[in-house]
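Once you scroll down, you'll see the structures, which are given as structure tokens.
Two complexes are shown next, each including subunit A; its partner changes from subunit B in the first to subunit C in the second.
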Partner chain A sequence: MISEHLVDLSRLQFAVTALYHFLFVPLTIGMTWILVIMESVYVMTGKTIYKDMTRFWGKLYGINFALGVTTGITLEFQFGTNWAYYSHYVGDVFGAPLAIEGLMAFFLESTFIGLFFFGWNRLSRQQHLLVTILMAVGTNLSALWILIANGWMQNPVGAEFSYVTMRMEMVDFWTVIFNPDAQAKFVHTVSAGYTTGAMFVLSISAWYLLKGRDVEFAKKSFRIAAAFGFASICSVIVLGDESGYTVGEAQQTKLAAMEAMWETEPAPAPFNLIAIPNEAEMKNDFAIEIPWVMGIIGTRSLSKQIPGIKEIKEKNRERIISGMGAVTALDALRKSPDDPLLKKAFDEIKADLGFGLLLKKYVTSFDQVTPEIIEKAVNDTVPRVAPMFWSFRLMVGLGFLMLMIFGFALLFSVKGNFASKRWLLKSALYALPAPWLGCELGWFVAEYGRQPWTIYGVLPTHLSVSTLSVNSLYGSLAGFIGFYTVLLIVEMYLMIKFAKLGPGSLGTGRYANEAGQLAHA
Partner chain B sequence: MDLRDRRLRKEIGVILIVKILAITALWWWFVRDVRVPVDTTTTAQHLGAPALPTLNPTLQGNPHDQ
Partner chain C sequence: MLDYSTLKFIWWLLVGVLLVGFAIMDGHDMGVGTLLPFVGKDDVERRVVINTVGPHWDGNQVWFITGGGAIFAAWPLVYATAFSGFYWAMLIVLWALFFRPVGFDYRSKINNATWRKTWDWVAFGNLLLGVPFQFDDHLVSTYTGSFWALLNPFALTAGVVSTAMITFHGAIYLMHRTVGDIYRRTQRAMLIFGSLLLLTFSVAGLWLWLGIDGYVISSALDPAALPNPLAKTVVRQPGAWLANYGKYPATITLPVLAYLGALLAMLLAVKGRTLAAFVASSLAIIGIIGTAGVSLFPFIMPSSTDLRSSLTVWDSVSSRLTLSIMLWATVIFMPLIIAYTSWAYKVMSGKVTAAYIRENEHAAY
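Up next, the complex of A and B:
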């Protein structure tokens, strides 16, 4: 049996590297479209200040890109080293979008980023704008492919298990591409990236205005960020709702855990605004409920029920018992692969194969299975409720906080008096970490909520890991943490340095701080 | 290209080189020699279970309806 410690360390290593990686990604995604907007205004109006804005914010974007690029490579190392069984089991499906993502990122995105920085004096205005647009498209397309891969892990459609090759094989490429989970996840995630880019520009512009420096530059940047940010955060909320609906369709366990829904309530189910989940007794010690809301969000109807955790566990118990038969039938079928009766028997219950495999965490042979072990496996099928419930609510709360900030920023931008609203400028400044925190919490809910599976309902996490030594994992974990920490420190140093220098760092002679910047630079 | 851009490009260039070296070092120490040979047979052994014995009656349930 695989050691629990090994599984936990492998998960921790992947989580740490993925969360670090995603500190860089949303800013890159969001800034590209803000640069497109700024440069479009420059091309349309010919006003130099918009060119300066594109170049200055582009410089901060470039620092983030340079620091962030290749931080995802360590994740790919881990697919091979730490998750070898996972890679074999799903490589036929997972490999294609991952490879396309790599090609998009390294060829399309990187090529146009190079042209963006080095093309100012070599391309016409229109040509350079086209480069900026293609850079944004490339960045978003590379996000699309990685989210198609991740969406398939949440809702494995368009593939079937082959008992001959012992892995999932793609049967319908377009079903994988147009997987509703992947599409909902893509639009929700890139919108969160746009919000991050907008908040970054809004916060730093607010800081310039609070300091009373580069006022015209900051005002124009603030207005663009307010409008783009408001549209983006509205998209995040609306598309997040859509993402929640697809979760309700494909991952009922995750939805029930996010909402601390222990019982199957009569339709339409109420929404637990606040609750204190009691996992041991499978109930909420305290809850403030809003009638109907969960049913409407989760099912888009007033009559459909959402199953609670207790009902889900009972169904999973049946599937685990059926899954034992599927594992046994698989074993027999591999010994006699031409036996049509065995094949028919396996086909009838192969959907429960993954549930049978959940028992392999506790036993090497099914003759060791007891009712207590089945009970443990049943309990494993639901992630811990409290972390899911609170992470989701914190993410949603941050979303509505940003909606208010962008809403007021846009309102006072339209009125033309935002620069005198110091409370608004301070709120925008202090809200700078909010989108990153929201993004990280969103990923936590998505990935922790998928447990105990790497591929939902198909492959348990504990059977996905490689049989490495624990010491090796500790070593590589320390190496990765050290590497990413250094990168983060350098990123913060350069970002703060150039944000403080401001547009004066362009050396145009039109902005504050130009005389003193050489001493800082 | 002014002085500040040159300085920034130099700093980013150094960072990229250091990063490539760091990633190569991580690969060298932790990945290069790790070979986890996984194929159809090893996966079957990893996932498979011996033939199902006669189950304890308390464990028997209705197979999940497909």
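Up next, the complex of A and C:
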């Protein structure tokens, strides 16, 4: 049997490396379009300051990009190294978008980033702008394919289990691509990236303005960031709602946990603005409810019900019991694959196969199953409520905070007096960590909320791991933490150094701080 | 849609193409990285060396990433078994990769490309020996070997072959892009590593012929069947790794190409015809990787502890639909990738000199 310790360490390692990777990704996604905007203005107006803006913000973007790529390779490796059974079981479906991402997007982005930095003197203005645009397109396509893969983990459509090959196999590629979960996730995630890029430029520009240096450069950057950021954060919030809607259809469990909905409320269900969830007694000790709101967000109707946690667990209990039959039928069928009766028996209940596999966390053979074990497995099917509930609310709160900051930034940009509003500049500066925190919380909700599954309803997390020793995991986890800490220190050092140097680091002679500094990145 | 057995064979070729692409593209910049401390004697010279690959290494690295993705999609069982079985070797490869952005982008002197490339091939050398893993009824793989067992003499020889190959190839590229002292030093390195390549490639071949038992499928096997690695039987036989050259004599062109390509590349490089030499050393890479692939065929990853668990081209692949979709994706995008990569090299072509570094003080690495 697979030790729980091994599973926990494997999950921890994936969580650490994935969350770390996503410190760099959203900035890359957002900055590419900001660079496109700045360079387009340069090409259209011919004003050198916009070229300097593209090059300076591009320099910071480059420092970030290098680590985004490097830490992304870790994630690709990790499916094979630490999640071998997962890779076998769903590689037929999950591997394809990853490979296509490489072919269609990652090559594009990585080839043109070289020309973006080194091609200024060798390309015409229009050619260089084209390079920047292709780099941005590549980055966003890359996010699309990764989120198609991730969306399939949340809502595994377009695939079927094959008892001969013992794995999920793709039956409809277009269904996998146009998975509503994947599409909603893509738009929500890239918008969050655009917001991150905008906040980055807004904060650092605000800092220059507070210091009273490189004022013209900072003002122009601030305005672009304010407009782009406002549009982006609106899209994050509106399309985040869309994401909630699709979650409601495919993953009611996640929704119920996120909202601390223990009971199935009469439609339209109320929204718990604040609650103190009590896991043991399956109720909220305290809650402030807003009537109707949850029902409308979750179902887009006034009459459809949203199932609560208790109801979901009862349904899952039935599916686990049926799933035991499915696993037994599968084993019989694999021994005599040509028996049509066995095949028919398996086909009737194979939809519950994944639920039967949940019991493998506790027993090697189903003779050992007791009512207590079934109870444990049933309880496993809903993630812990409190972390879901609070992470989600914190994420949404950060979203609205950023909406206000970008809203005021845009308002005073239009009025033209933002540079004298020190409270606005200070808020923009201190809000710098907000988008990163929001992104990390969002991924936590998405991935923790899918537990106990790696592929929802199909493959339990517990079975997905590689059969490694616990010591190997301690070793590799220590290695990752060590390397990643050093890389983060180097990255932050460079980022802060160049942010402090400002556009003077381009060595054009037009900006502050140009004397005696180390110029090349 | 093509029939299943044809698709399986095409994907064996395509994985080969991706590995060759990786070795030619990422190989030359890793080779340059390896040579860096030996051919660049001061900071300006080192910057010249780094800037020959500066605009391109990021794109080249994607060959590695896409190769991994393609193996995941086309050979999921191989991906799962190899990456988890070679856990520590894979992590060392990965961690060595972390040094590149720090070494290149962040202007430090750390560079561990060789180290990493060697590991790739130590893993490959182990494939020819067989790898201790097995599957249970639900195809859960268990690896029973230790990390240190990977470090056996034959595998290390394979590691040296690969290091020599990419350093040789990188040296030719570096000669193409530099002048003066760096050019002369690199030429010397090129001759050394070219000779080492020819020597170790020959040693590995003899060893394989005389000293290592190959694997043979001993049961009837239907290439069009749904993949199930446990459905066959396998035996070990002396000399079996060379059997394909007897069965398909045309494949002998591959080892011949390896020798001729390497010799021709050395000759052309000495004559200063560096671009032609680069083409020749690329042909040598095709020959070397092709030789390795044909020797193993149809095996991809033989199991030494449970022979029938061995993974082959026929029974460790994805479904027909997935292979077919992936084939289309490759057919559409590979020519585009080659086209824009060539354009990027063309834009940045020409010699990198100390003067170039001075002119681009604020943009170059």
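Things to note:
Operating definition for what follows: the second predicted complex is superposed on the first by the 512 of 521 C-alpha atoms of A that agree within 3 Å, B and C clash if a C-alpha of one lies under 4 Å from a C-alpha of the other, contacts with A are read in each partner's own complex, and residues count from 1 in each chain.
In this section, contacts are C-beta pairs under 8 Å (C-beta built on N, C-alpha and C of every residue); 3 or more make two chains touch, one makes a residue touch a chain.
None of the values given here were measured: they were computed from a predicted structure.
Superposition model on subunit A: subunit B and subunit C are shown in a clashing arrangement. Contacts of A:Gly119 after superposition: subunit C is touched, whereas subunit B is not reached.
In the superposition on chain A, A:Ser87 makes contact with both subunit B and subunit C.
By the document's definition of touching, both partners, subunit B and subunit C, reach A:Met166. Of the two partner chains, subunit C is the only one that A:Gly102 touches; subunit B does not reach it. By the touch criterion stated above, A:Gly325 is placed in contact with subunit B alone, subunit C being left untouched. After overlaying the two complexes on the shared chain, residue contacts for A:Ala280 are found with neither subunit B nor subunit C. Judged by the touch definition given at the top, the superposed model places A:Glu348 against subunit B, while subunit C stays out of reach.
Subunit A residues 62-63, 66-67, 70, 73-74, 77, 80-81, 84-85, 87-88, 164-167, 331, 334, 466-468, 472, 475-476, 479, 483, 487, 490, 494, 505-507, 521 lie at the interface with subunit B in one structure and with subunit C in the other.
Subunit A makes touch with subunit B in their complex at residues 59, 62-63, 66-67, 70, 73-74, 77, 80-81, 84-85, 87-89, 164-167, 315, 317-319, 321-325, 327-328, 330-332, 334, 348-349, 351-352, 355-357, 360, 364-367, 369-371, 374, 463, 466-468, 472, 475-476, 479-480, 483, 486-487, 490, 494, 498, 501, 505-507, 517-518, 521.
Subunit A contributes residues 62-63, 66-67, 69-70, 72-74, 76-77, 79-82, 84-88, 91-96, 98-104, 106-108, 110-115, 117-123, 134, 162, 164-167, 169-171, 173, 331, 334, 466-468, 472, 475-476, 479, 483, 487, 490, 494, 505-507, 519-521 to its touches with subunit C in the complex.
In the complex of the two chains, the subunit B residues touching subunit A come out as 2-5, 7-8, 11-12, 15-16, 19-20, 22-23, 25-27, 29-31, 34, 36, 38-40, 43-44, 46-53, 55-56, 58-64, 66.
Taken in their complex, subunit C has these residues touching subunit A: 54-59, 61-62, 64-66, 68-70, 72-74, 76-77, 79-84, 87-88, 90-91, 94-95, 97-98, 100-102, 105-107, 137-143, 226-228, 318-319, 321-322, 325-326, 329-330, 333-334, 337, 340-341, 344, 347-348, 359-365.
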